[in-house]
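Two complexes come next, and they have one chain in common, chain A, joined by chain B in the first and chain C in the second.
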Partner chain A sequence: MKRVLLLVILFIAFMLSVPQAHAKTKTLQQLIDETPENGTLQLSNVLYKENVVIHKNITIKGTEHTVLESLNQKPVIQIENAEHVSINNVTLQNSYLGITGEKSQHLHFENLHFKNMRSGIQLYNTNNVTLKHLKITGIQGHYSNKGNGIALYNSANVKVQGNNIQHVQDGVYIESVNHISLSENKIDNGRYGIHFMYTKNAQATGNTFKKNVTGIMLMMSQNVKMYDNHLYDQNGLNASGMTLFQSKYIKVFANIFQNNRTAISAQNLTNSTMKNNVLLMNQSAIELIRSNEKNQVKRNNFIGNIVNLRSDGTGSQIVQNYYDDYAGIDVNNDGIGDRNYVALQSFGQWMVRQPAYQYFIESPSVVLLNEIDRQTNIIEKEQLVDQEPLMQSTMTIERKNTWNFWKLVLGVGLVFTILWFWRKEIQG
Partner chain B sequence: MRSRWMQLVAVLFVFVFAAISLIQQIALPDFNGFTRQTASFLNLLLFLLPLFILTIGSMGVASDLESGWFSLLKTYPMTITQYIFGKYIALILSFMLILCLAFAVVLGMSGISGQVHLPLLFVGLSIMTVLLFSSIAILCGSFAKNRLHALALSLVVWAVSLLLLSYALMAIGTVVAGHVLQKLTIIMLHINPAEWVRFGYFLFSDQTSVLGPSFYSFTEFYSSTVGYVLYAVVTILWIVIPLVFAKWVLMKRGRQA
Partner chain C sequence: MKKRWLVGIFAIVLCLQACGNKEYKPRKIVSETDICKICNMSIVHKEYAGEIALKNGDYEIFDDLGCLVEYMKDMDEDDLGKAFIKDKSGKKWLDVKTASYVYDKDIWTPMSYGVIAFQTKDEAKKYIEKEGKGELLSYSDLDTFKWGVHH
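Showing the complex of A and B:
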């Protein structure tokens, strides 16, 4: 009898500890409807499996285990024609689409966690939006079967800050948005980290992009500033740190591009500047296609790249960059090399025109060809020429000098053993 | 190993190998992927090792033929297969010793600086290069009339496989369509041992995307289990066929003599 009683007590304790077991007297939609205009709805540790629609000004606050799930392909939360909506501290999971907003203003989403979602947030015709400290994890599979982490259409005055987005199609998709700021976001394992389309007056700062097909894809946009971003390991097929296409007044300042297939691919760009960037150990650092003389590549650090600059023959201003393979000297000690740096390589140009040539990249034959190019291209005056190459990099590589006693002993021991064996063999 | 040439080669290879490891890894941060460091390592491997193996290996066989040592050996109860196999093993072991010396120096240096290290893949590729080119060196030696002829022949083979075939293909690429160039490149890498080793690096380091989108289907195939098996088969063929051919050449020469 005691055992049965103990089992019953344990069962009740277990049921009480599980959040799903909370008795729900009302649906989330009923709770929202009952909250007065401009009121606050405080949610407890409850799992809501429903789709809700918000038409009013409201603040929804969840707790650590407030979980929302959709039962169909409709969004979990749908906001329409609202003036002030704030949602904090809620988890949305296992659904097709998290939140949609349409014709609304002053939307503030903070500390939301989207788990196993096809798409996170979609906003249309919205104004004054803040998306802060969101964590969005998409579904497994190919990009074509996934949605975007955050998608913004025809909106204005948007702030996207401190979000962590992974395994989605595009981390942040932006179309026809005016005045948007994206900062301190971390986006990885997607197709495009940030995808700008027809965007005006945008800035992306301090973001980190890792293992996407393209870190930042910018198309048909204008007046966009991108600085202090770290873009690394975009090294799959056709991958790039940034692809800038048919845009104007673009500023790419002080970013770090590391180990990307192509760090910056600029195509049909006008009146744009790439300045003070560090281009470190990329396969191709900067690719200029259909460029023009109003584009500037200035004071960048080219270090350890296989191809520094390549183009289809169109011109750009290339000035005062540091190149680690520059062989000139600085007699007057003004910090600028005395002869031009010519980045023109026959092989680099061929690769732009015929992708099949990529097979030979940095092969023994191409290394020799590049050396010959280096000697013969000294007389080049126009294409990919920097007339004022810097002698010193503005970047320092931090190194940890750790010495390993056992490796040293093993190495030296092996060397002496081999030499002893060899000597014995000679004498024998 | 008693040969002065072999000793000089050992000193040169170890010095260049250690210097490149040290300079490249101190100049640049350590990062996975196909970077200028890995490309330098790979090119050093492809430029120097085949050159040394081909010249020393072919001249060793040619010297035996020229001096009459081979004719003397034939009077002993030893078959041509045993002679070729013995030469092949001796050549492999000699170069393995040089490689071990180079790796040991790099290991010692990594103990001092902590920056220098040798990727395991390069150890494997070095061994593969020795296995492949030793076989071709024996073939070159069996063809040669004398040591000078062997030297010339091995230099031609080295230049063709490292440089000339690639340049020829690049030149053809300027007049043919991209898909034709792609197919010719695939053929070329199967019939060129240097390119085969280079392709092996991309395949086993999971860096096939470096070769570009034009080779996507091809690299996808070789990244599968069947592809790995085929890679092993082609590699074995590159070792066996030159040795079998060398035996046939020596037998033919023996009959003519």
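Showing the complex of A and C:
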């Protein structure tokens, strides 16, 4: 009898300890259909395994354990011809595609979690879109077999803010979009962090890109500002912090490029400026291909890179940058070196034409060649010449307050212990 | 003596054959390492890829027909072995110079140039008929085609 009672108690305890999904009587589609136009649908901790279509103005709010899954390769949520759709606090998981939106406007997605998804969100012909605080994690495998985290086509007025995207093909793919701002996003382990195509009037600020093939891939776009981004560890094969291709009116300001294979690869750019960037410990810092005199490389800090600048011979304005390997002096103390800095390196130029040569970088013969270049470059007047190199870096380093209470206690304790032993020694 | 002559002639014929027209074949695309020679994009959509087999045995890879044509415009014709492009199905390699093409601004390609290839003109026409839109192009039209301006 006692044994039976014990078993019953154990069973009840087990049942109470395991979280139970609330019993659902209706499908999500039914709930959506029953919600009045412009109404709010509050979902509880339920797992819905279905595909739903939204044609109306609606706000859907989930809770911590509201989970949606698709049964097939169709999107979990499909939005069509809607004027106002807001979805908050929902998890979408183990599906081919999360949300699609077409011919809709005023879409607001916030605090959504996409887990183990091939693609997160795809929007076509949409306007006034906000994608905020989303967490998107793709499937395992090579990026060629994955979809994009967020993909936007033929849309306008888009805000992508504070999202965390990883293990997808392109973090945010943007094609033919006008007026888009991307800020405070963290994108890693994908092909391209942000991939702009035919984009106009965009800005990317305060984003972090890590371990992608390319942090920002910008192609055939115009009037794009990218500033205060941190791009680091894009150092795999064919990798770069930013690749800027066939675009115009591009501004690359105050970004930090660290430990990338190539920090900035600019090809066929016009009327563009790279200014106040910190280029730190990259294999090649800036590569200029088919450039022109209207492009400016100004007041950047080149520190610890193997090759600072390289080009295919086409010209750009290179002025007032700081180079850590500049060997000149400043007699009149105006902060500008008295002789030119010439970044021309035969080996750097060859690397542009034959990227495979990068594997010989820092080999004894290349080091010798660079030294010969340094001696003979003094007479170079045109290619990769900075006539006003800065003597001091313009970089400002913010030091975080690293005071740690326990470290302090330990340190003080250690000092007193030593003092105590010392005193004992003296007294003895 | 006759035998020696025959062997000699046979060897000469073999040598001449080796020096004659080389057959160029496309190579397999590797998404992990291949990037487009023109735009640097990695080749993740193999079904739109193009290739140029150079006479020196090297290959140049392209993610989109538009990039391939841009490269061909600037290259020395003497270096060109053969140029290939994937057909609409993405499975078959076609000779760029003999293929037929369809352009429509709504056709998606990796660079959004909107031009896809077909083995024959009839196939291209059938596609246009089925889709109800599209412009038929030949290889010579690609030279003057304005790539990417529809955006």
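As a convention for this text, the second predicted complex is superposed on the first by the 373 of 428 C-alpha atoms of A that agree within 3 Å, B and C clash if a C-alpha of one lies under 4 Å from a C-alpha of the other, contacts with A are read in each partner's own complex, and residues count from 1 in each chain.
Rule of thumb we're sticking to: a contact is a pair of C-beta atoms (placed from the backbone, for glycine too) under 8 Å apart; a residue touches a chain by one contact, two chains touch by 3 or more.
Because the structure is a prediction, the values reported are computed rather than measured.
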| item | value |
| --- | --- |
| Partner chain(s) touched by A:249 [first = chain B, second = chain C, both, neither] | neither |
| Touching partner for A:124 - first (chain B), second (chain C), both, neither | neither |
| Partner chain(s) touched by A:227 [first = chain B, second = chain C, both, neither] | neither |
| Contacts of A:237 with chain B and chain C, given as first, second, both or neither | both |
| Contacts of A:144 with chain B and chain C, given as first, second, both or neither | second |
| Touching partner for A:169 - first (chain B), second (chain C), both, neither | second |
| Which superposed partner A:96 touches (first chain B, second chain C, both, neither) | neither |
| Partner chain in contact with A:422 - chain B first, chain C second, else both or neither | first |
| First, second, both or neither for A:217, with chain B first and chain C second | second |
| In the superposition, chain B vs chain C on chain A residues touched | B |
| Overlap of the chain B and chain C footprints on chain A, listed as residue numbers | 237-238 |
| Residue numbers on chain C that touch chain A, as the complex places them | 31-33, 35, 39-44, 111-112, 148, 151 |
| In the complex with chain A, residue positions of chain B that touch it | 1-2, 26-29, 31-37, 39, 42-43, 46-47, 97, 100-101, 103-115, 162-163, 166-167, 170, 173-174, 178-179, 181-182, 185, 194-195, 198, 209-216 |
| Touching residues on chain A, where the partner in the complex is chain B | 233, 235-239, 258-259, 261, 280-281, 283, 303-306, 324, 350, 354-369, 397, 399-412, 414-415, 418-419, 421-422, 425-426 |
| Residue ranges of chain A in contact with chain C within the complex | 142-144, 169, 175-176, 191, 197-198, 213, 217, 219-220, 237-238, 243, 245-246, 265, 267 |
